[in-house]
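What follows are several structures.
Shared chain: chain A. Partners: chain B in the first complex, chain C in the second.
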Partner chain A sequence: MNQTELLNALAGLTLFSDLDQPQLESVAHTLSAESFPAGQRILRQGFSGSGFFVILEGEVGVRVDGEDVARLGRGDFFGEISLLLGEPPVADVVAESPVKVLQLAGPQLRDFLLEHPPVMFRMLQSVSRRLERANRRG
Partner chain B sequence: MTSTTPSPGPGWATPPHPPGTYPVLVVGSGPGGLQASYYLSRRGIDHAVISADPGPGGMFRRFPFFQRLLSWTKPHVPLAHDTKEYERYDWNSLVAFEPEHRGIMPSLMDGSTEFPSRAEMEEGIRRFAERTGLSVRYQTPWQGTSRDGEHYVLHTPAGEYRSRVIILAVGVAEPLLPETPGIEHAVHYVDTREAASYAGKRLFIIGKQNSGFELANGLLHWASPIILASPRSAHLSVNLHSLSGVRARYIQPWEDADTGGGVFILNASIERITRHSTGLSVHTRRSDTSEPFIAEVDEVIAATGFRAPLLDLESVGVITFGRSGLPIMTNAYESATAPGIYFAGTIGQGVSGLKKYGIASNSGAVHGHRYNARLLVDDVAGRYFGMERQRPELPPGEVVGRLLTSASTAPELWHQKSYLAHAVSRDPDGRIRDEGIVSLAEYVDAAGPDGAAITVETDDRGDIHPALYVRRHGRVDVDVALESSPLLDFRSPEHHARLSTLVADVLG
Partner chain C sequence: MSLSRQEKLAWLEKVPLLRQCGAEVLEHIADVSGELPFADGDAIVLQGQVGNGLYIVTSGEVRIVAGGEELARLGPGEFFGELSVIDQQPRNATVYAVGPTACLALASWDLLALLEREPQLAMNLLHELADRLRRIDAQVRD
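On to the complex of A and B.
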């Protein structure tokens, strides 16, 4: 994936959809591209020092205490809840296929969101949707 | 072709490793390829090494550009140069089991600086290969790849090489230029000219990572102004607690920028470069406000990184990712999608490990990947040659002391923090086994016997401490950070007592 393809991929993700080109380029240079083979844990339940991840390609499974609770794919993100709360993740996230992600170091998430308010707003929307769904189920 | 070849003298002996079928093939004669070849030879695995270069050294035959490395070899620490523990202070020597082959780099340096010259590094690599008896067929470039049954086939001008197992150590060394319109008016870092030729020039450097700052630092008293620009703000290694940030060696330009001395550091995307009669215009847009800014300069250098030259490997199933074109790999550096193809050396940085607090491994540098090579070769030995890892028995009374000694002195744990670990396990018969150095990600994610692994970690405050991962009932559920200590030696009675408690149920 070259830089143009990466920028196009980023622009197509809801999380970054309100950013202009220079801001997208800044995001592309701030987050690091990582890949994981199928079966590899990306986020580890109960472990300190985790990060924030945005899926570019592939599927991941979300598991709590070994039980599948959700699947995530392109454009979805994970890891933010434990970073915002300052606690270890409450779920494992495991690659279901070869997965390509963008990763942000956990300690950088706060500054990143403050520097990019439109991303923070989109993240808040997404978290609100999850909360709404959970409330309905409850 | 004549059937008899006159011998023109020394150095013209028949090159080793003629084309053919081998148990393992290694490509590359830099630190990555030679370290892998060393471990293969010590496991008794027959293999051929081929290289495009005329001699050993890899990237150090040419780089770094200003001929001085930024990795230490400290000669005057209170440890003998032939000990394993000394490797913590010597980032540049390749590593060996035999004491007489250790610590080659300090023997080549005059002691005036802890940073070896490029030429010293190249010579150190050459001596390691010579002393440890490694054999390379030089001037035999890998030009293409195909598959023939269970074998991969590497095509070279000398002929075809076949093997089930290929170890590629070709570096992350292919210049990477952005697709910016007008980039043809810039040169890549690798084509930077002699420093004096930039005297009085207005210079624009694209990129604010180490290579960009290295150039700015080296050209500081020649070019003026120097503008460093890229979309992302620069980070210092001392703030990130990671060598992925700009190294302290290169921050003179940063201080210069802070004092208005003629260096400018901009967060901006580079939109295009145009040439006109008096120079170059670099059209940029600020990352925060999108305001346009045009820099008028004489020269543009793109310090925009490198990619792995993996040729046509995608045709045999290797999948790559990211700007650097790194393959998706297992924790043992095998392609996750083309079994039998392994990657040694700097390409191993594509295996991110736990990356706790965002701190990357040092696999992109010699002092990190020289240890990865042993894990790689152990995996090859086990999976393709049925050889078992050595797992010496450990008296239960020695477990805690052994782990704390590793956390305090093992170079693998200090150079690959949160990435490599020392593991000890309990067999079903109750015997305690020393598993040696393992991949921490593999230890915490794969099933295995109960036990514990210790590593060294740096957290987001920069605190360096041992961390313990205990495997119970086949799973690692939590990490435990142990207390640090003022001089980072964790062999105190308090550490001993704490660790004893933590592992009592699995290793007691």
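On to the complex of A and C.
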């Protein structure tokens, strides 16, 4: 994926939709594009030291103790809760199809968000919605 | 018995949500927030209404109730009402005062403007919500 394709892909994701062109370029510069084949584990339950991932293409399954709890696709992201709390992930995340993601190394997430407040606000909205769903379920 | 600006500031400095935020942020909150008194059993926010603000408990206690079930109790320094402000959806719980209770109320537009202006506040809030989400997920699995 070249830089122009990456910028176009970024601009179409909700998480980055409030950024202007220079900010998008800064994000494209900071995050790295990676691919995973179907079946590959991207995040491992109980193991720290991973990253923050935004899905560009494909689908991943979220599994807790081997049981499917969610499916995520284009524009969804994962890994941020563990990084924010400094705790290991509580789920496996496995590629269900060939998957393209943008990845940010774990230790960079906090500074990345502080430098891009509109991205942090989108993440805040996402976590709020998940919390409201979890409250209704519980 | 309402707080003076100075008392509000001294109090805001101890609120975990505002840790590491700049002095001008605390001063701004002290200026724009209002202290609201509630009697035992008063509904402070109602399930189904769209959020109009964030509330920080300054004295007393509140209980959070959804679908007739008590989800949590919060005391001084703790806050509620933020979810509905952030995503502009109707509130998913009703919050009642337990005994005489007072809250500092921050209007939704003031909170949204502050989140935009003060990334550290957004980070503190994000951390708190992430922590709550993980605790709920753990409860659901146990």
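General remarks:
Please note the rule applied: the second predicted complex is superposed on the first by the 138 of 138 C-alpha atoms of A that agree within 3 Å, B and C clash if a C-alpha of one lies under 4 Å from a C-alpha of the other, contacts with A are read in each partner's own complex, and residues count from 1 in each chain.
Here is the rule we use: a residue touches a chain if its C-beta (ideal position, glycine included) is under 8 Å from a C-beta of that chain, and two chains touch if they have at least 3 such contacts.
Since the structure is predicted, the reported quantities are computational estimates derived from the model, not experimental observations.
Taken together through their common chain A, the two structures put chain B and chain C side by side without a clash. When both complexes are overlaid on chain A, the residue A:Leu84 reaches chain C alone and has no touch with chain B.
Set against each other, chain B and chain C touch different numbers of residues in chain A, with B touching more. In the superposition on chain A, A:Phe121 contacts chain C only, with no contact to chain B. Legend: residue contacts after superposition of the two complexes on their common chain; A:Gln103 is shown touching chain B, with no touch to chain C.
Panel annotation: after superposition on the shared chain A, the angle at the CA centre of chain A between chain B and chain C (CA centres) reads 140 degrees, nearest 10.
In the superposition on chain A, A:Arg137 contacts chain C only, with no contact to chain B. Judged by the touch definition given at the top, the superposed model places A:His29 against chain B, while chain C stays out of reach. In the superposition on chain A, contact of A:Val64 is made with chain C only, not with chain B.
Of all Cα pairs spanning chain B and chain C in the superposition, the closest are 14 Å apart. Put simply, chain B touches chain A in their complex at residues 178-179, 230-232, 240, 267-269, 285-288, 290, 319, 321-323, 326, 328-331, 336-337, 350, 352, 354-360, 418, 441, 444-445, 457, 459-460, 477-479, 481. Interface residues of chain A, counted against chain C in their complex, comprise 64-65, 80-81, 84-85, 87, 90, 110, 113-114, 117, 120-121, 123-125, 127-132, 134-138.
Residues of chain A touching chain B in their complex: 1-4, 6, 20-23, 25-26, 28-30, 32-38, 40-41, 44-51, 88, 98, 100, 103-108, 115. Within the complex formed with chain A, the chain C residues making contact are 66, 71, 82-83, 86-87, 89, 92-93, 115-116, 119-120, 122-123, 125-127, 129-134, 136-141.
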